[in-house]
């Protein structure tokens, strides 16, 4: 890994430095508090991991602690749905950046119930609908998929988060019913939301997340398990959508300043794909106003700058 | 250039094949007709060029004929403004994909006169405002810049197109006055629009365009002239915005299916940057409903697929 | 009643003429077909009634046949909620015309879950929430209220319509959940929607409807029962909202061409209040693109013109 | 005039009382300051006038002082255009309430350049376009019209206000150019705006305004001059649009709490039509957040309540 031009130090040491610098930043951002189970996470948690396609995992800080992956689960859901549905999926969800908040109902109305992309809430609920319709138990299938990718049987749902999500899920219910009213939801709304809240409530560590997504950096082939998770073409495609739409309404700025396909979640996690090299995961709970982890952004920006990782 | 993996033939021959295949497609799309000077261009024109950073230019079909570059001029305008203004520019224009039509006035209203990015019309008009304010003659400065980059003194404005643009420019005037009402336009609206219509009316050939933009594929350094046009960082940034916002409301789909930073114009031109390798330009007048050249899209998609050019 | 200036004939005869003229109009409009139970109503049905505050009811055609009152029920719901909640109601629902389709979710989002007025769907669902919260059985209370006003125990819900509404109610569910997400819905969404669909499914005849609403033409005092249903001030207020917002996105045009407070429903009914004189009800199923009965509009326009009823 | 039921005192005395009460209200609202010429008006100015169709004018306070009528001029413009164009006018401007701010450009875009009604800015600019197109000198024609109606040669434009309006008119220019881009503006944008700013800059007193609009309370016949200014039908129509759309985004609330056709301007004036009786004008510069005079609203609400003037 010292082969990274500009790393100037073993990668593990670089991660430690970058994490330490992030901890020195003035206290910025707010831990998500729309549900109590998230609000109680310690704001000072901070970890970073870089899994490379040759099998190494470098890490610093709290990279081994499980956290609520929240919207990062949309990546797993999308890949699983692409495996199952093939190109039919793209009749029901778009691939364009939204230019709107992640939970906008306005745009869904304009576009007649077709979500702009699979990484806004409406899009992920649509993807959940396809999973519910294709699997006898979509939740079990989802969990098995994530465990297989991460090679970790420990990955599981946090029941307190799950219960909270369901209790505070009125806006997601509104999105789902609006899609139903346009005829773009097949399963029962209740079942679809149950799946959606389930996958949002999954907990994983930085290390597990980074390992599990290596196939996206490796043309669809998981380097650890040897499983061809997607075609090379579909791996490019997922990375393309991550690049234009993965970081909420800060996706353009992330492309501009970092230049990697990435996805964030309100639990404070961010995953970034480095095509041909590996996957970075950062985690720290305080969020900026766009819903992205402030320390997570700082760490990934610094690391990508040092190593010259921008794909552009 | 035969080094391209998968090219399977000298690049020039591949371009000929790809162009021939595009010509066999059923007649799709409509030549832009909002101004007479564009409507009169022959729909059967079709050219493609691939300039590489080692100085070669491969071409097929009408790649040497000048055409109206229209919105592709926004790339030159942005680069020139970045040279002059540095990071201050990004106080006045955003870098997020818009999720709206290129000439949307709705979004500009919501966002209080700050255009979402420099490649929608409002954004390019904002960029024009900075050029008008920074140069004694912004039009002359713009023309000199493009001629230097393309190493072609022939590049010039089509006066008939220019006159037409001004006569049919009411929507752009509305965008400009709306920005003015929000205090985000410094110069006189008339002067700003005059510059904007001027740059839109420029004519260049595929070969000239491809050559002129090589610096974006080469970390800001123009390989032919040796001029450092932008910093490496700014070259990444321009490519990032091109990737998320360059192809109108088809930017996400282009990233998904091609995977290159690109910009199109309603004259039927498309430029695509291949970082580290070169620049592709395609031209054919008939447009799809998004305003992108149908044959141009087909040719670039095929070429990028054959050569495995996706950056994702 | 021959005292109406310009009537030129006994009122009953005028109604017959007007109805006959309406039946000769070329077949315009479409019977509502979003639920089967409405689609099966005969398109040729056509009735009109004029109840005056001195107790007479003049009628022509199918004025004695019950039909699905649909959104006209929003008037009863509003009056019942005003009785119960007083001015507190107006903290939770506005009184401004919407300028948007009756079932717009966009506006509800912009206005943070506060419906613009009680006659768009979101507003009526909000009103239903207050009824569900204030009555042990809001549906029974609603039915009793309507039966008392119309002095007809026959008024009842059509069970087939009710079942259909619930099955096709996804958009209304989306509106309700969106209000819930903004904290502007107190009761369970399911209960609120059950009440809302119940009241929409009520069937009444033109004669019953006209009689039941006489209090709005008589400063709140029901001339037949002697019940002071609302204060004079609240009767003015209901008529004011009917005038600005009662006819969907044709309210302005109805004020312009007729000039009476009115409310329509997709069952083909229209009620119009003539302050100081009485209530007109027209019914005929085919609707124009705004959701208003084409023959109903024609009949009321003609009658108001003949009798000079405009309040403006 | 003592015949008003409930006046309980000669009308002149009632107006004095009402004005005095309004002056005691805590200082609410802000004088319009978007142009200096308006910002310099004394906030303590306060007048009210009631002209009756039998020729009397009752007044209190500053009812004889000229003030900037601003958007009240839209009523004169509309009536003049209706005289000239007849029903053709309604092909180019709607009659529906807008549910949006008076200067919204969003709605104009959605509705393809057809303004929702003649009392929002876009609608009044459209009306100005028809006047510019129909008169050799629309400004002179407009001024003559207002002077004739008010029987006051003194009515004139304030040149300082006019110059200010033009300098701060970018948003109105944006509206005009957007309509032009949709093909819904015939004359030159510059000429149309010049007319529009001219009519906005007119100064009249409460007494002059009340007298000039008496024809709207009298079925189109001006009781002082004997001129049939509009047909009875068109007088109803103007009052109908005033009722649904005259008080900016507070039109519904004004109908609800006052119940009279009315129009306000950011100069602090409000006119209210009392059909069959007369015209009330109130003036006091401080505005609420909707752009309506706070004292003006208070005075008209009180007067209408005392005299039972609601039309509903």
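Think of it as A, B, C and D in the order they're written, each chain with its own count starting at 1.
The working rule: a residue touches a chain if its C-beta (ideal position, glycine included) is under 8 Å from a C-beta of that chain, and two chains touch if they have at least 3 such contacts.
Small disclaimer: the values here were computed from a predicted structure and weren't measured.
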item: Farthest chain relative to chain D (centres taken as mean CA coordinates); value: A
item: Rounded Å distance between chain A and chain D, as computed from the means of their C-alpha atoms; value: 56
item: Chain centre separation (chain A, chain B; CA means) in Å; value: 32
item: Chain C: positions in contact with at least two other chains; value: none
item: Category of the chain touch graph - line, ring, star, complete, other; value: ring
item: Chain C-touching residues of chain A, taken from the complex the two chains share; value: 104-106, 109-110, 170-171, 173-178, 180-181, 189
item: Residue numbers on chain A that touch chain B, as the complex places them; value: 94-100, 107, 116-117, 235-237, 239-241, 243-245, 249-253, 255-257, 259, 261, 275, 310-312
